[in-house]
């Protein structure tokens, strides 16, 4: 679906993208993470054809991405808090109808198409912002309207740049459900999704593949699980001792902390798995309120970046 | 009436008594002509008898879904809005009545909108603030030095706001809001749009400033990790009413029961049946991964783990407590709270 | 006030970075009114005079309006113009949080030097028109003119403040503003005496634009075209200006209080 | 055709601001009234040069033409370029120039039908100049449309400088001033002194406003009318082509430099 080889881009002699190459297949869901200013927005704009890469080869669904947009067949949906598809002083209804008219052949008016749109409308509670003028909407409300607009054109490729900023938790989950539902009812031609985000939960929830960009270079490109194993090797078990004493010297763990009854064990998942330690603990004492967690995602990302200050290391 | 309260450890800084506020919203009818002449208004209760007290030095998280009355309450605290019912006391002053005195010792930071002058350098804006808040020269220099260390202002002090990145602008905004040593700092979604590292820095700044200057911080946000990392106390507002007011741990005690265990390995049905028989347990299976949801009040995690251990072919186990988001979402829905009104835990 | 001069210095410095834009802004303001003067000149070449006012008298009349408008807008135009946007977007809350009078803070918030163009052109045209009119330029005459000018500036500011404060009460107040500042002000580009009686009353009593330039200039040139007797027209401008400017300020503060009770 | 949809959309969006609409009508009434009084005074003193009835028709026709040419084209186009909205427009399957034309045409149509037309009718009844309506013919409408396109295309070229420079509103005002003077909005062109007349004849501004009116008021022969239409067409095509060149260069710069 998307082919990008050796893309380079420089703004006023500041190299923003260095030799970026990746391929995305039809229907894949890819997440892109990176620090502010790491070049991920520039990459988005190149894929959309808004920006021209200095060098490198970019194809979206077989077409040159910066083709005169009049002649382009592929439809790209774009959702971003900084830029808007909707017209500033028009109601949401007008803008969305305009979108429908702009892509007449997008909808084969099959049963599942219309149904998916109604589902999205109902799920994101679009009814109460349907008649509002865009300039009077709050950020969260506007993002819902943007999402509907992008979905409305039945895009081949859906690029989302932090689509849930300004939304509360409940609305975020609704949007994810919409995306899942929208993909399910398009079995024949599933939508490829490119999600740029800072929040890891979003990544976990939606994407099955992750590309990490740091200082304009791709430093990780692979499945999310692999990323977790590779960079999140430390696990944490915390529990309370009901009775019996524990001596941790002979256990295969990195370190432990005891304050009163609460104990916290940090172990390395690459050498030992949680259940073995649990078995040992259970045999020696009766323990309650057991928690087995990974170290939080932020530390994972931090390790990823620290390790990759040097030139890019592909898995 | 100043609250002298020696017996209370720290002075009550903010006291709110059955605060209320209503909005008139113009109903927009369909037909063009009818709108011009007939103007119907419907009254929407934005905030409904809100009561709470905030002591000095506390960091309070103020959360709620969009349109729950969150920003309305904050506006009334800062004196931007006059309350329709009830009173607000900030350091003994009514912000609604004497806005200027109240403005002298509060700092406000808006996440999405900057208060700095757009095209003059940050250094000059801070200088202007010195004149505006009549900060004595000595404290001004002292604060300037302190904050430029903590917030790392040195690198972009001379740049106009136009050329700053989002993270830098946020740091400049914070510096500008606390230059005059305010007693209370209101933060309106300070970490929106920032990436993980800058978020962490910002949280670090707020924590450090709270420790050093004992500034009371009131934080409204959608990002639960802000709350977990910063706030000692949480207030949840929904449809204009405060439905929870207490510490984070108590919130988890009261409402964070739904724990879950994820285990990867090879499973056979007989084994799964045994687990299902346990009270309040639900099991979902995806190929080699099973997810067990259970209520920690009814059954403890070690019983389930004990059963799980019998099956040798497990390769990984994770035991999660409920995420803060999940808990609060449950709070909105759960009927039990609605009956006994505000659930107060100290 | 020291604060305000401080801000002007820094703003001026930042504006000077973009010299080209800065001078272009001034140029465009001068150019617009030079074009209008050419328009009047074409009319006069073809018709000799308008209702007894020859070219230089008309220039003085027009210039009174232009100069006072430029001076009033130099301080007030942008703050009042951006008020509507601020109220709609909620930025006005940032103003209310500051420990000072919101009106003064608004003035500090933005600076715009384009109106210097008006003032430069104003001085120029004063020079030209006064030299051509056969008037003895005494110190007393100049002092009288300065008084009339301040009256005119105060009147213009009052209108700007009144229409600005409307942004608190209506969502789309800009349209009302534009009608006042541009359309009605067009009327005083020509001697008020050419309009029917009804309009003259309107321009004198209801919207006191007449006092900005027609009556003061009429007194200076001691023509007796307008309805008001000369002695009243002479001093009225200044007094009315002071009164209305103060009323405008009070209206503004009451609108801010109203904003505080109903919210955006 | 989606462009038709855009015109309808722009038309509808003007409905939302009722306060604007009310005020605009008041503004128009006042400005017409001003011109009438001015010319009334002039016509009384010098009835040999100009007759009042001629001037009334001139003003009313002028309003009809002015209403269609939405005067904020430069700000409209530059708004899109400045705010980076153009990047979003480039993804859509539409041509930016045509999209902008439809937007301004929609606004123009709304203001023509809802704001100017009722007022002009009222004034023409009030001033008892009914002959006017009989003489409006196809030539007037064609010439007005061409004038409208000429103004748009010229403003579009100026607005495209938004790719290189931020303060394009200055150019917009510059254009409107020039048009205000040379096109005869204030003073009919035939009243200009010789020097000015020569200058304005070779400038395109005259064709936006004065030519359509003169189609009706001056009794040109068929040949003269066609030649005038031809001149207008020439100017339109010239600036259209110029606009295309600047647009391509601008888009390229945008794609290389970013918004």
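Each chain carries a letter (A, B, C and D) given by its place in the written order, and its residues are counted from 1.
Throughout what follows, contacts are C-beta pairs under 8 Å (C-beta built on N, C-alpha and C of every residue); 3 or more make two chains touch, one makes a residue touch a chain.
Because the structure is predicted, anything quoted here is derived from the model rather than measured.
Between subunit A and subunit C, the least number of touching-chain steps is 2. Taking each chain's centre as the mean of its CA atoms, B is the chain most distant from subunit D. Centroids of subunit B and subunit C (each the mean of its C-alpha atoms) stand 47 Å apart. The distance from the centre of subunit C to the centre of subunit D, with each centre set as the mean of the Cα atoms, comes to 28 Å.
In whole angstrom, the spacing between the mean C-alpha positions of subunit A and subunit B is 24.
Per-chain CA centroids place subunit B at a distance of 53 Å from subunit D. Among all residues of subunit D, those that touch two or more other chains are 17.
If you check the complex, the residues on subunit C that touch subunit D are 21, 24-25, 27-28, 31-32, 35, 38-39, 42-43, 45-51, 170-173, 175-176, 178-179, 182-184, 186-187, 190, 194-196, 199.
Within the complex formed with subunit A, the residues of subunit B that make contact are 28, 64-66, 112, 165-167, 192-200, 222, 224-225, 296, 300-302, 305-306, 308-309, 314-321, 325, 328-329, 332. Within the complex, the subunit C residues that touch subunit B are 2-3, 6-7, 10-11, 13-15, 89-91, 93-94, 96-101, 108-109, 260-263.
Residues of subunit D that touch subunit A in their complex: 2, 5-6, 9, 12-13, 16-17, 84-85, 87-88, 90-95, 252, 254-258. Subunit A makes touch with subunit B in their complex at residues 34-37, 81, 131, 138-141, 162, 165-171, 198, 239, 269, 273-275, 278-279, 282, 286-294, 298, 301-302.
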